[in-house]
Amino acid sequence: MVTFADLRQAQPEAYRTAARAWTSLSEVIGTQGGAVTSRGGELTAAWTGAAADVAGGHFTVLADEFGAGTERAGRIPAVLDTHASAVAAAKATVDLVVAVLTPTPVRVSESGAVSLSPAAYAVPAMVPMWQALATQAQTMINTAVQQATAADTAATGQLNGLLPVAAPAAGPTTGAGSVPLSQIPAHGTDPRAVNDWWTGLSDEQRTWLLENHPELVGNLDGIPAVDRDAANRSVLASEQDRLESRRDELQGMGDDRSDDQDDELDNINDQLTGIAAINDRLADTGPGKQQPFLLGFDTEGRGQAIVAMGNPDTADNIVTYVPGTTTRLGSIGGDLGRADMMVDSARAADPSESTSAIVWVGYDAPQDIINTDLGHLGDDATSDQYAEAARDDLDRFQDGLRVTNEGDRSHNTVLGHSYGSTVVGYTARDNGLDVDGLIFVGSPGVGVDNASQLGIDPGHVWSSTASNDPIQYGYDFGDLVQAGIGLDPQVDLVHGANPSTAGFGGQVFASDPGDPLVRWTWEGPGPFNVVPVPHFSANAHSQYWDPGSASLENMGQIITGNRPTRN
Amino acid sequence: MSGDSAFFTIEYDQVGRVAGQLTEVTDALADAKANAADLQAVSGSNPGFTTVDAALACAQGWLDEVDRLSGRVDAARTHVTESVTTYQDTDAAAEGWFRTLDSGMEG
Amino acid sequence: MTRTLDQQQATDRVEEHVAGAVAALPASPRLEIASELRTECDDPTDFGPQGRIQVSRRYWLADLDRARNPEYFDALHEYWLANGYRVLEDGRDRAVEDMETGEVRPAPMLWVEHTDGFRMNLVSSVGGDLSLVTTSPCIWPSGTPS
């Protein structure tokens, strides 16, 4: 983990210097590989016979090794330059914050903690202003440090995946087909590098990894879906056993459980619910239920899983569905159903194409709309911290789909619902997504003012908000204040402009209105039903997948590359 | 000078020349290694960043790989040179034997 | 609402609606089940009662003559209006555009709801394949909240 102090001392230029040396080295390897090829040609021009054939073949093998070396090492400079840029940008931010705060009574500690010095309280009327400045400074520092950490993790992973591929003679040293653990790419490694590594292994080695270390390969983007599925089913089974044993142990303790153990038991039961839902779906071969492929599974924290309905590597169309608030392993059951609905809708729109719908519970999502727990104020759906932390993983997952999909380029879309749309928007905005379309439903904002800021043709940005969906009333408080005092008439939603408006510049598609926000009944004592009682419902926020609905049918059309037609 | 038999045809001079030119490849790789100090430019800097360790591990790994490739080229060069010598010896022996027969020294 | 059809009754009712519609067509399709799905009616962030579902079945209407699709749509439209269904959306003149090629092909759609709350949607794919999806209203799987 990179600290504030580390970032202050960082020297990004060193990475660039190294990058240039890598470019030179990889070029020399390439040039000499060419020389080996030339010499091999001259050899076979002057020598024929059995021995000559073998010698000539050897020169070809040798030249290929040089070729592989230059190609692989040639990818290192980009990793270092990208890392240098990310670190430089993060460092520039923290340096700027420190510089700006220097003449003020807002202090930054050596560890990056921002606080008010006693001088800040000299004029009480100014204290709120200093506090606001401190809050913003802290946010900027935290964000920069997070970004530097993320860049560090990504670059480390990528570099670990770009070591020379072990020559067969230097391969497994223990057991038939075993693979040294240090050679397994780390989480975060570029999917192309992961795929090269995987396809470069022998069948024996791949089998050995799936049998002995499925937990190290199941979540790697770039490994084919069939293999990830095999690995993750294995992990799911063993994790289920482990969690059930621990649950029984904790339940047996009864009242002797500590508060932490109560929380642990709740988490385990929640995750087991999600595991049961996945198992049910794995066993379900009913009509319209395409074979699921478990592309990710992890019980850390609240648990995550990625489940594809239908093999994405052989599909013509792929939609990745990113759900919103309260998303976690335990809640995945409903999302699996939505994925099946999307497959059904896509097939009804065009049965001549195959579609895979992927549930991506691959990020840590906010669990509350508003968190009122004093220790966790702001850790809820109003915060963009969860979207920011999800970007690299969602981006890399999409890149992985491109690497492993077979045949012609598939038509890929990413669909974000509610906070999930914010995740998708942030990723598209900051990382870029290698997709053919973005779809937002029930969005509280996607981090931008305009569709043109999402790194994709605005003609391929689709959004819909049901007329009874309360999400459209989640205004950004700061914007409301400014509008209220006449400063800026544009009032965005909490995470950005509402993408389902004409002014956003994307393509709005229709949804049915959904259940009304407020339903009134008449109640009262005895025969006197004279008291009007309101019943609130946010159902419309979740009815986008209702069978037969305009939104579901429109989704099916967008997923298959057609313009939506329902009104 | 060339050699011919039912089993091979070889231009000794040309093949010998190719073997000699392979030393240019190993020399170039050695030069590249000598000039690759900057691969380790990140050493001692950027504390707290695991990328530094990963980059240094890559540097060591690839310098080792350059050595390995160089070794492979050198081994190939050695075998080509030995092949030439072997063929020349065989060829010369056969030529000498036939000349002996021609001069009638053996019956 | 504290009492609904249970899941089996809802499924049976779906089949009744389908049988009625198919009988009204001027040709006999081969019914091929495309999907049988159930959706949860409630969202975790909703404030209302949890646990209700909707069941839906989609059938392909196979072995029909595509050229007669408009006729099939009109026949069902007439049948539905005469048998207690109201039209929610009439898309019989609808065409669908392929976003990549710009090609536009007819893809009619007709969505209706019966007085018992069941909905039916007759849809054409971009290639003229017809499917009929029938959906129940929100029900408790066992008929009552449990």
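Details
As written, the chain order gives the labels A, B and C, with residue 1 at the start of each chain.
Rule of thumb we're sticking to: a contact is a pair of C-beta atoms (placed from the backbone, for glycine too) under 8 Å apart; a residue touches a chain by one contact, two chains touch by 3 or more.
In this text, all values refer to a predicted model and were calculated from it rather than measured experimentally.
Common neighbours of subunit A and subunit C under the contact rule above are absent.
Each chain gets a centre from the mean of its Cα atoms; the one farthest from the centre of subunit B is C. Computed centre separation for the pair subunit A/subunit C is 35 angstrom, with centres defined by C-alpha atoms. One finds 49 Å separating the Cα centroids of subunit A and subunit B. With centres defined as mean CA coordinates, subunit C is found 74 Å away from subunit B. Interface of subunit A with subunit B (complex): residues 1-3, 5-6, 9-12, 14-15, 17-18, 20-22, 24-25, 28-29, 31-32, 35-36, 39, 42-43, 45-52, 55, 58-59, 62, 65-66, 69, 73, 76, 80, 83, 87, 148, 151-153, 155-156, 159-160, 162-164, 167. Of all residues in subunit A, only 286-289, 325-326, 331, 333-334, 337-338, 340-341, 344, 347-352, 369, 459-460, 535-539, 541-542, 545-548, 550, 553, 557, 560-563, 565-567 touch subunit C in the complex they form. In the complex of the two chains, the subunit B residues touching subunit A come out as 7-11, 14-15, 17-18, 21-22, 24-25, 28-29, 31-32, 35-42, 45-51, 53-55, 57-59, 61-62, 64-66, 68-69, 72-73, 76, 79-80, 83. On subunit C, the positions that touch subunit A within their shared complex are 33-48, 54, 56, 58, 60, 89, 91, 94-100, 107, 109, 111, 119-121, 123, 125-127, 129, 131, 133, 135.
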